[in-house]
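Labels for the chains are A, B, C and D, by order of writing; each one numbers its residues from 1.
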Amino acid sequence: MKLSVHTHEELTVLKVLEPRLDAANAPELRLRVSEMIGAGTQRLILDVSAVEFMDSSSLGAVVSILKMVGGSGDLVIAGAHGIVAELFKLTRMDRVFQMAADADSALDMMATA
Amino acid sequence: MSTYNIRLFIDSQLAHVRLLGSAVRGIGQELDLPTEQVGQIELMLVEAVNNVIEHAYDNETGHDVHVRVECNPDDQLKVIISDRGHPIPAAQLQRGSAGDDALLPEPESLPEGGWGLGLIRMLADSLHYECNQDGNHLHLCKQLA
Amino acid sequence: MSTYNIRLFIDSQLAHVRLLGSAVRGIGQELDLPTEQVGQIELMLVEAVNNVIEHAYDNETGHDVHVRVECNPDDQLKVIISDRGHPIPAAQLQRGSAGDDALLPEPESLPEGGWGLGLIRMLADSLHYECNQDGNHLHLCKQLA
Amino acid sequence: MKLSVHTHEELTVLKVLEPRLDAANAPELRLRVSEMIGAGTQRLILDVSAVEFMDSSSLGAVVSILKMVGGSGDLVIAGAHGIVAELFKLTRMDRVFQMAADADSALDMMATA
């Protein structure tokens, strides 16, 4: 799974470089994040702007990541669009996640949090 | 325009589901459906196929997952997902018929699953499930814009 | 990445070929192949499927055209077109092996057909044809960029 | 089959509005053009800029259109791109057809012919 990791002080921006998050690769995303948390990451921006398709089992993996980082202030989902944004809306999980239009506004959001 | 149809098969492996999803996305694009509708069709299909692999076949490889796409480009698209595994329990299938609230898990409980059938119900314009000697068949219908 | 495969079927009707073409185009896009390569794969597939409908089945509806797509996204894509009709005559299949000149009709003669097998040969990186008790199978292989 | 027809003095620009020309719809294109020729059209620009896919049986229909209009100076293929342009090139039929980048340059080409 292609991911890019950028660190901005205590913030980590994890960008998913795959066009697809589904039951086949969501477990790997979960694992990679749990390794990052084990290595000290505490506040995370998950940039899904390159993701064109996402299913509910990868939404489950993202919820599990939310639980791992601790509180909702410590995870922002950035760049959800198209069917990915719709998945968060249909399941009403956009009530639970902090959602930002892109990684930059997610950085602003976290700086003021 | 007349009705076309195509049948697609994959083995019951989650890694192969993207081939079905992208094939049906290609068909939706060919029919010039709006992008949002193409995404919704792919999502309802993928949720149904994931359920077949995970629940009907208990994640056992070596079984066929069959998808039939029928389309009347002026009118509607039908996606029929068939398997020969365990059928969907009636209680699960009826979930949600009592109203939207029962359809999906509560967001605040931070669920990690349980959205599949609810999403399928929300994304399909109509749904029909049939079990016969040929297996289990989930008929999903989408009205085209 | 491991190998995936999917099988697609249509009835032997020219109107249904676009479903196969667009499904395989969707798969090519999903694998992030360059646009030119996706177009080439669709063209070689459509030429082969048209030939099956027109020649193997003499334009008779009610027969299965079977396409199997196998892909190893890091390496190559195989498209296998199968039918149970008349096989491709050996002479037609060998046409072109003597050199490019014999492959395609002369442009200046204003041909209205006869390009199919030549195009398939040019677009596929390798070609293999096999007839057995399960039918006729045209194996086309495309190296991925 | 969706086609648009524009007449510029004795020139007709026929634009194919379908994304696909194949064995299923090429006979209809051929028929529609033969009707236009029956109704007096002599010089034709076939604008395929909206066509994203074309197979060899529709190439055969275009050759038959060339024969119907008479000489190659009387038919220009405009806007072939992607796999459509490649089909003309692979079959070397780009030697036989006049090809223009778009309908405007096809009009110029015909005006000076």
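The rule is simple: a residue touches a chain if its C-beta (ideal position, glycine included) is under 8 Å from a C-beta of that chain, and two chains touch if they have at least 3 such contacts.
Source: prediction; values computed, not measured.
Participant: In contact with chain B and with chain C at once: which chains are those? Just list them.
Facilitator: Per touch definition, common to chain B and chain C: A, D.
Participant: Return the chain pair with more inter-chain C-beta contacts, choosing between C-D and B-D.
Facilitator: C-D
Participant: Counting in whole Å, what is the centre-to-centre distance of chain A and chain B, each centre being its mean C-alpha position?
Facilitator: 26
Participant: Averaged over CA atoms, how far is the centre of chain B from the centre of chain D? Could you give it in whole Å?
Facilitator: For chain B versus chain D, the centre distance works out to 41 Å.
Participant: Express in whole angstrom the distance between the two chain centres, defined as the mean CA positions of chain A and chain D.
Facilitator: Roughly 50 Å separates the two chain centres.
Participant: Would you pick out the residues of chain D that each touch at least 2 other chains?
Facilitator: 20
Participant: Quick one: which residues in chain B touch 2 or more of the other chains?
Facilitator: Counting only residues that touch two or more other chains, chain B contributes 15, 18, 21, 30.
Participant: Could you draw the chains as nodes, link the ones that touch, and say if you get a line, ring, star, complete or other?
Facilitator: If you draw each chain as a dot and join those that touch, the picture is no line, ring, star or complete graph.
Participant: Sort out which chains touch which and give me every pair.
Facilitator: A-B, A-C, B-C, B-D, C-D
Participant: Which positions of chain B touch chain D when the two form their complex?
Facilitator: 30, 32
Participant: Could you please specify the touching residues of chain A with respect to chain C in the complex?
Facilitator: Counting only chain A, the residues touching chain C are 19-20.
Participant: Along chain A, where are the residues that touch chain B in the complex?
Facilitator: 20, 22-24, 53, 55-57, 59-61, 63-64, 66-67, 82-83, 86-87, 90-93, 95-96
Participant: Could you list, by residue number, the parts of chain B that touch chain C in their complex?
Facilitator: Spelled out, the residues of chain B in touch with chain C are 2, 4-11, 15-16, 18-27, 29-30, 69, 71.
Participant: Write out the stretch or stretches of chain C touching chain D in their complex.
Facilitator: 14-15, 17-18, 21, 35-36, 39-40, 42-43, 46-47, 50, 53-54, 104, 107-108, 110-113, 115-116, 118-119, 122-123
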